[in-house]
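Shared between the two complexes below is chain A, which pairs with chain B and chain C, respectively.
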Partner chain A sequence: MISLLGLYRPRNTPLHRAPAWFKMLLLLGMSITCLVVSDPVTSIGITLACLLLLASTLPPAKATLRGMGFIVLIAALTTVFQVWRGEYIRALDLAGDLISIAALALAVSCSTSMGEMLDFVTALARPLRWILPPETIGVMVALTLRAIPEAARILVEARVAARARGLDRSVRAILIPSASRTVGFALQLGQALHARGIAESGRGAHVPEPVGAVEGEGSPAARLGEPPVRDATPPDSESGAR
Partner chain B sequence: MAKNRGFTAQSIALVAVFAGLIAASTLVPEIALIGGVPITLQTFAIVLTGLVLGPWRALAAVSLYLVLGLAGAPIFANGAAGLAVLTGPTGGYLIGFVAAAVVLGFIAQALAHRGVLARRGVAAGALIAAGLVSIPVVYAFGVPWLAWRTGMPIMPVGCTGLTDPDCVSAVTVGVVPFIPGDIVKVVLAGIVAATIHRAYPGLLGTTRTRAQAASDAPEDEQAAATA
Partner chain C sequence: MIEFKEAAVVAPDSGVPILEPTTLTLAEDRISIIGANGSGKSTLARLINGLVLPVSGSVEVDGLDTAKHGAQVRRRVGYLFTDPSAQLIMPTGVEDVALSLRRVIKNRKERDDAAMSALKEIGLATKADVSVNALSGGQRQLLALAGVLACTPSIVVADEPTTLLDLRWRAHVGALLRSLPLQVIEVTHDLDSAAKAQRTLVIDLGRVVYDGSPKEAVQVYRDLMFGRASQGANA
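Moving on to the complex of A and B:
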């Protein structure tokens, strides 16, 4: 039921070898060009070029057909609507835009692995590193990928439990237990992270190690609040406390 | 000193798990309502994220979900994945989700600061009313985008009958059919969010000052040490 395998397949085509920023720039530039140019001949040319690019990445057939099927349906409806209003040229242009941008976006998705794409996003987020350090982004992405099956499992279990009580038509009996269990899972996860000192790396990384001066005033409660990792790094701080 | 730098461990976990919840809500099979009408949980999950997490963590959670989806995980509605969803005609709704979660987060935080969430009978009603704000916000982004990409007018002008081409517009195609379902999901999300705030007080607002004082203690100590 749940597969996290996206569109990407490892292949060795020109688009697979191109760097992620180049592909994203190509997609952005091509989208703007498509939307600005309203000449049907250019539009059809761009559409054919994008479809060729998509084909050149040797995409997985089923997922691609599903993705393109949806957009072709929308394009067909748009065309029917515009023809109905008597605007034939605009119909051609709009349908061409929709299909070409979708084909190019699929081509980029098929040729760029999730890792590459996330590296690209992290690089884009670098100006934000004072608020959102790259390590924090990495931890969040990894935890989210782990949390997806967990949240799905909680939802499915809540439905099974509701059905067992004869309440499978009661949405509240499904959603309230699953939502509160999900929050509970998150809070436990937060405690586990805190206990390992993982998330503190973003906040305390540039603060010098407190040596000496802390022991005198540090209350036992405050010391308990600290992650054990920091205690482990200066070996003499334990002996100094005694 | 470093209070605003980065998230705490608890916030990171909440953001990641709620991003996971939004993703999971598109993966599990639909839930049938009493009339047998199926609902998908995606809008519910977005509204719940805003109401439970507050503005900044909700912004992070919904953005994280979008980034993972755009990077290629098949977690958008109907198992779609990748950049084509954002660049397609319905991409505006995704941007609208981010805006709606942030707006709801601000409202929920204001409610929490005024102590509304602590009062048992009032909390659900207030959260439902807050959640209803999300509907115009999502469509404010989704409808112009849809109209622009498909060449439809935004509003029906001079509409006379069902077979009149003037009646086809972004509002009649992209808003009206979804409004009843949206209202049901917002009501559900408000009820569930009120329950969560009752079960876990201090996720937002009033008790936050106490929790924050506790979590700031080690830092104040470090500040004293470095000064």
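Moving on to the complex of A and C:
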């Protein structure tokens, strides 16, 4: 399922052009409908519509098939269980619901950039601004999504390291380094956020900044294109540590 | 202009000094900091943008105290870490640079355009929509640098930015850092790179033991390290 993160590709499909709030509303509405409606024909119709919506976003084939394959497997197991219980209609309905919600969720993540999602979460969290700055809540969501593949990578590396030491079966040899490295990664990430001034914007957003500076003389473009402008000052061996 | 005024740092738990009281004025455009592992050079670098605060004394950037005006100082001072993976938060390059710009550009379209132009200038335009996990170490470091530069800092502090890179990327990132028309302070183990600065500080056991010409600084550092190695061999 981790492969489903970062599926977004910039395209010009209708769902890509739709605002994030509309897609989230659609996902919520469709999920409620799936849960409320138990008619198998409607359920199959909704499933087909959701699969078509997913296909319309032109998602990366391999990762999408792998992700959907997992969901279809779960749906198949559920169906088998319900059929075994003799509930054929419920079997169809449940499988349809699972596939519909997963396909629509995938369609939303394939067509919504993290930046859009961040804006959406930030706007959504605005009523809570007295408790926590909305920007911080948005960054928290982004960090959570960032941390999942990283934690998985750390776990895989810890398993390889344990195997290299002949400790394949030692749970401790895998979990302890994984936990400490995950904490280390979190600390590094925190420092990086701090260094980049991200999520200081709860108050910092009100500090006037030269917005125009992004373009023009102070822009990275101008900076990289020009040689250093200040005169080289000869090294002063007198100044310094005392 | 960066000013250290008797700035000292101690380990929070043990109280062991990490950086002895240090007084410095850093005004040159290219300054390198060299020293052994654990000597306190990264702590010195982190003091500059308020990632670490002094327990006594103060550090000022353009007259702003890092302890009192941390957010404003960090807008002036960009910080580049050794491992860019920890610095990249968003799934793709353009989104990560745009994240740095959220504070200054509220309109998403303008923000994305500015991020794209920052990536173009650094030579990563073709990788803008590629997952950060699919980039090479060198490309990630360039991306991290793009994220720093997009915020138009006046100072860049780079903490061993080339340590994890191969020779090709080391040369590329090093040259790029040297070409920036702003003050660059580089902590490094690469003595060739350190020697290209205008001024070099040698840190040892939490103290600045040499401050001056890069050529002499490298010699002081070599003598220090080789002297210690031979002491270790004789012990």
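By definition in this document, the second predicted complex is superposed on the first by the 128 of 242 C-alpha atoms of A that agree within 3 Å, B and C clash if a C-alpha of one lies under 4 Å from a C-alpha of the other, contacts with A are read in each partner's own complex, and residues count from 1 in each chain.
Simple rule for what comes next: a contact is a pair of C-beta atoms (placed from the backbone, for glycine too) under 8 Å apart; a residue touches a chain by one contact, two chains touch by 3 or more.
Since this is a predicted model, take the numbers as computed values, not measurements.
Contacts of A:E157 after superposition on the shared chain: neither chain B nor chain C is touched. In the superposition on chain A, A:P10 contacts chain C only, with no contact to chain B. More chain A residues lie in contact with B than with the other chain of the pair chain B and chain C. Taken together, the two structures place residues 5-6, 8, 113-114, 118, 139, 143, 145-146, 149-150, 185, 189, 191-194, 198, 200, 203-204, 207, 210, 213-214, 218, 221, 225-226 of chain A in contact with chain B in one case and with chain C in the other. On the chain C side of its complex with chain A, the touching residues are 22-25, 27-30, 49, 51, 70-72, 74-75, 78-79, 81, 83, 85-87, 89-92, 95, 98-105, 108, 110-112, 114, 117-118, 120-122, 129, 131, 133, 146-152, 176, 179-183, 198-201, 207-209, 211-214, 216.
Chain B contributes residues 2, 4-21, 23-25, 27-28, 31-34, 39, 41, 44, 48, 52, 60, 64-65, 67-68, 70-75, 78-84, 86-89, 149-152, 165, 168, 188, 191-192, 195-196, 199-200, 203, 214-215, 217-219, 221-222, 224-226 to its touches with chain A in the complex. In the complex of the two chains, the chain A residues touching chain C come out as 5-6, 8-10, 113-116, 118-119, 135, 139, 142-143, 145-146, 149-150, 185, 188-189, 191-198, 200-201, 203-205, 207, 209-211, 213-215, 218-221, 223-230, 232-237, 239-242.
Within the complex, the chain A residues that touch chain B are 1-8, 27, 31, 63, 66-67, 70-71, 74, 77-78, 81-82, 84-85, 87, 90-91, 94, 97-98, 101-102, 105-106, 108-110, 112-114, 117-118, 121, 130-133, 136, 139-141, 143-152, 155-156, 159, 169-172, 174-176, 179-180, 182-187, 189-194, 198-200, 202-204, 207-208, 210, 213-214, 217-218, 221-222, 225-226.
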